[in-house]
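Here the structure is laid out as structure tokens; the discussion comes afterwards.
First chain written, first letter: the chains are A, B, C, D, E and F, and each begins at residue 1.
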Amino acid sequence: MTIPGIIGGLFLVLGAAFLLLAGLGLVRMPDLFNRIQAGTKATTLGTLLTLAGAACLRPEWTLKLLLIGLFILLTNPISSQVLARAAHRTGAAKSEKTTVDRLVDDTEERP
Amino acid sequence: MIRKFAALLILAGIAAIFTGLLFTYEPDAELNTTARYYAERTAADIGAANIVTAIVVTYRGLDTLGEVTVLFLTAAIVGLVLARGRRRKEDRHLAPVGELLATGSRFLAPLIILLGVYVFVNGHLTPGGGFQGGAIIASGVLLILLADPCRCLSHRIIDTVESVSGLFYVGIALLGIVLAGGFLDSHLLPRGELGDLFSAGAIPLIYSLIGLKVGAEFSSILAHLSETEEL
Amino acid sequence: MVDILIYIATALTGTGILLALYRFLKGPSPADRVVAFDTLTLMTVTLIVIIALAEGRGIYLDVAVVYALLSFLGVIAVARYLERGF
Amino acid sequence: MTRVPAIALLFATLLLFWLFLNGSLAGDVLVVGIVAALFIAILFRGGRSILSGFHFTPRTIFAALGYLVFFLAELIKSNLHIARVVLTPSLPITPAIVKVRTRLQSPMGRLLLANSITLTPGTLTVEIDGEWLYIHWVNAEATDIDAATAQIVAGFEKYLEVMYG
Amino acid sequence: MALIAMAAGFILILIGFYGALTNRNILRMIVAFTVADTGVNIVMVAVGYMRGRTAPILDNTVPAAAAAARIIDPVPQALVLTAIVIGMGVTALMLAFAYRFYEKKRTLDITKCTELKW
Amino acid sequence: MSGLLLALTILLAAAMIGAALVAILGKSMPIAILAAGLVSLLASVLFLLLASPDVAMTEAAIGSGLTTFLFFFILGRMRGGEHD
């Protein structure tokens, strides 16, 4: 019933809520790129918040939690980008709401 | 159709056995004799905080030697089976690697390999050990391969690491006969304080060698697979 | 109090896992499933941290470190396969 | 400020990483860490670390701190944005793939820029080609190059340009 | 908890066997084998689990003196550790042979492998 | 906290069985492989719940990492063969 305990617990719940949001975004978004957006951003912040919550609850784990957070910040965007690029190259379906696609324009212009 | 029916029949038999096993299973309330021995004696005898490591490296050390040998044979056979059909790779048409992946892999691969080293050096204190560390090192090698598919890994380095660490592993095992109680005895080095990095006798040394060897074996499997020609 | 908060967090993460799993089972294209896979690995890291908190063992975090560093390799492999990179 | 050799930077990064992992400064940990980091640094002579291309001056360190704060603020903003989009029943999105320009040259700086863009409100780097970045934007507000550059890239580039030059 | 995990492991074994028996594609059979492999490992670890005990690693929370009353059975874990590593080696071997088979026959259908029939 | 761990076990077991069904019955080969990787991933959390972090780490590094890769390497070499 300590103050850092409560704060850490709240962080945990907030992070988990963002993870839930990521799941919801995966289900609701209409096309692949929008799903990647929801999946990447919401899970990154969600995991970071969970790690922060755990660090509040157990201060002696802070170093390792910090390391996990750093890795997630560095690796998760890279994998999303590589996936988005691969999907775009193989011609993933885009929702009809998409207005402009400069990448397709430019790849067609080039020989 | 008859094939599927026969398969289902066999599965029904196995499922009946499994159900029987499941419903008669009674979890133990106490550790059995062997486990109790390990739990009570490891800290005093071996000095390793991770009891699983103590079992893998010392109590059942000979099994681990055999396992490493099996892995070595696997790597050799994979190399043998895939040895034919090498081809120069310049004529393969691959999708270019993006700049992001190239940069990211160049700076993440050393970190992954260092993580592997951490995992096997701390095998006697934290979860993990030679096999996990070796697998992580091989993952680092894999990242390099993914980011640059046409790169030929230096087989000489991999083979050297593999044979040198294997030799040292057997050498330490034989030294155990001379200097300590027997083959693969970890009391070669002082036991040290429980929880220190340099403790548990020769366990960190042996597990590091196992880690290097396993990492080299997995890497050589990966390198052989990546160098096969495209059909 | 803190226990209740951890319970709520687990329930939310569990629901998120189920939603991502739905996308994995249904996803029309392979790439959609890979996105779901990526999301699931990160949710797994959270789950590991929660398990470590519940059991009170800091050493479980080592597993989470391995996950955080290796999970993205799988996604990259599939992506490179899809764009015929190896 | 003189350039530090790449191998020394790699070594320093690896050693720092090792100390974070172990969480102690005991003598034996340090010795093993130095040996391991040295071996790996020699093995990856051409490798990069997060510091390669980083100029060590007080100004760049302040820029790095500013970048961190700005980045975290953007990350939180981006999640609120995603939350708003996902929770609105009508799903108000107008996706587009736009093209922006960057002035950064150093590989590490470009990687960080692309990563930051991926994690900020509604944008996702799809492809890098020379000085051009192609970005998927959930709620495209501007589709011509200059306006999009000003909105997406400028905030981060300001800091990264100081840090990595 | 151990019972649920064990049941899940058994079901995984059954699913894997079903896949290995009914598929004709070699690669799919190998995938099915890896699933069954995972199931076996889960069952073996679940046998060693005991309610209310913790991992067999000694640190501040589990002092060496109280170990026998606090930890679970470490022997199945050591076995499974070996099993997973060897399983990966076996998978690599099967894949290498599948590659050779494809190179020779240009197909992955196992019913096309007729050398041993007469 | 044992109720929490029990609920997590049930969740993971259900998710694993679903993923295993995809691995066996799925239409395309890459998805089957990915699903097998997912089974390993969830299994490793289950191992952690069963208080065996050593096994969990092995499964995470080998089962869901390297094995998946071996499959994709081989699959990449045999394009066209996966539809038999």
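Please note the rule applied: contacts are C-beta pairs under 8 Å (C-beta built on N, C-alpha and C of every residue); 3 or more make two chains touch, one makes a residue touch a chain.
These numbers were taken from a predicted model, which means no experiment stands behind them.
Trainee: What chains do subunit B and subunit C have as common neighbours?
Mentor: Touching subunit B as well as subunit C, we find A, E, F.
Trainee: Shortest hop count from subunit B to subunit F along touching chains?
Mentor: Counted as steps through touching chains, the separation is 1.
Trainee: Touching both subunit A and subunit E, which chains are there?
Mentor: Correct list: B, C.
Trainee: For the interfaces A-C and C-E, which has the higher count of C-beta pairs in contact?
Mentor: When C-E is set beside A-C, the one with more contacts is A-C.
Trainee: Compare the CA centroid of subunit F with every other chain's and tell me the farthest one.
Mentor: Of all the other chains, the one whose centre lies farthest from subunit F is D.
Trainee: Determine the centre-to-centre distance between subunit D and subunit E, using the mean Cα coordinates as centres, and give it in whole Å.
Mentor: Comparing mean C-alpha positions, subunit E is 39 Å from subunit D.
Trainee: Averaging only over C-alpha atoms, locate the centres of subunit E and subunit F and give their separation in whole Å.
Mentor: Between these chains, centre-to-centre, one finds 11 Å.
Trainee: At what distance in angstrom does the C-alpha mean of subunit B lie from that of subunit A?
Mentor: Averaging C-alpha atoms per chain gives centres 32 Å apart.
Trainee: In whole angstrom, what separates the CA-based centres of subunit B and subunit E?
Mentor: 15
Trainee: Which subunit F residues reach two or more other chains?
Mentor: In subunit F, residues 5, 49, 51-54, 56-58, 61-62, 65-66, 69-70, 73-79, 81 touch at least two other chains, as defined above.
Trainee: Counting only residues that touch at least 2 other chains, which ones in subunit E make the list?
Mentor: 2, 7, 18, 49, 51, 54-55, 57, 59, 77, 81, 84-85, 88, 92, 95, 99, 102, 106
Trainee: Can you tell me which residues of subunit D touch two or more of the remaining chains?
Mentor: In subunit D, the residues touching two or more other chains are 17, 21, 111, 114, 125, 127.
Trainee: Can you name every chain pair that touches?
Mentor: A-B, A-C, A-D, B-C, B-D, B-E, B-F, C-E, C-F, E-F
Trainee: Write out the stretch or stretches of subunit F touching subunit C in their complex.
Mentor: For this pair, the touching residues of subunit F are 1, 4-5, 7-8, 11, 15, 18-19, 22, 28, 30-31, 34-35, 37-38, 41-42, 44-45, 48-49, 51, 53, 56-57, 60-61, 64-65, 68-69, 72-73, 75-76, 79.
Trainee: For subunit D, which residues count as touching subunit A in their complex?
Mentor: The contact residues of subunit D facing subunit A are 17, 20-21, 23, 75-76, 78-79, 82-83, 85-87, 91, 93-99, 111, 114-115, 118-119, 122-127, 129, 132, 134, 136, 138, 140, 143.
Trainee: Would you mind writing out the residues of subunit F in touch with subunit B in their complex?
Mentor: 52-54, 56-58, 61-62, 65-66, 69-70, 73-74, 76-79, 81
Trainee: Using the touch definition from the top, list the residues of subunit A that touch subunit D in their complex.
Mentor: The contact residues of subunit A facing subunit D are 18, 21, 24-25, 28-31, 33-34, 36-38, 40-42, 44-45, 48, 63-64, 66-67, 73-74, 77-78, 80-81, 84-85, 88, 94-95, 97-104, 106.
Trainee: Inside the complex, what are the residues of subunit B that reach subunit F?
Mentor: Counting only subunit B, the residues touching subunit F are 50, 52-53, 119, 127-129, 131-132, 135-136, 138-139, 142, 218, 221-222, 225-226, 228-231.
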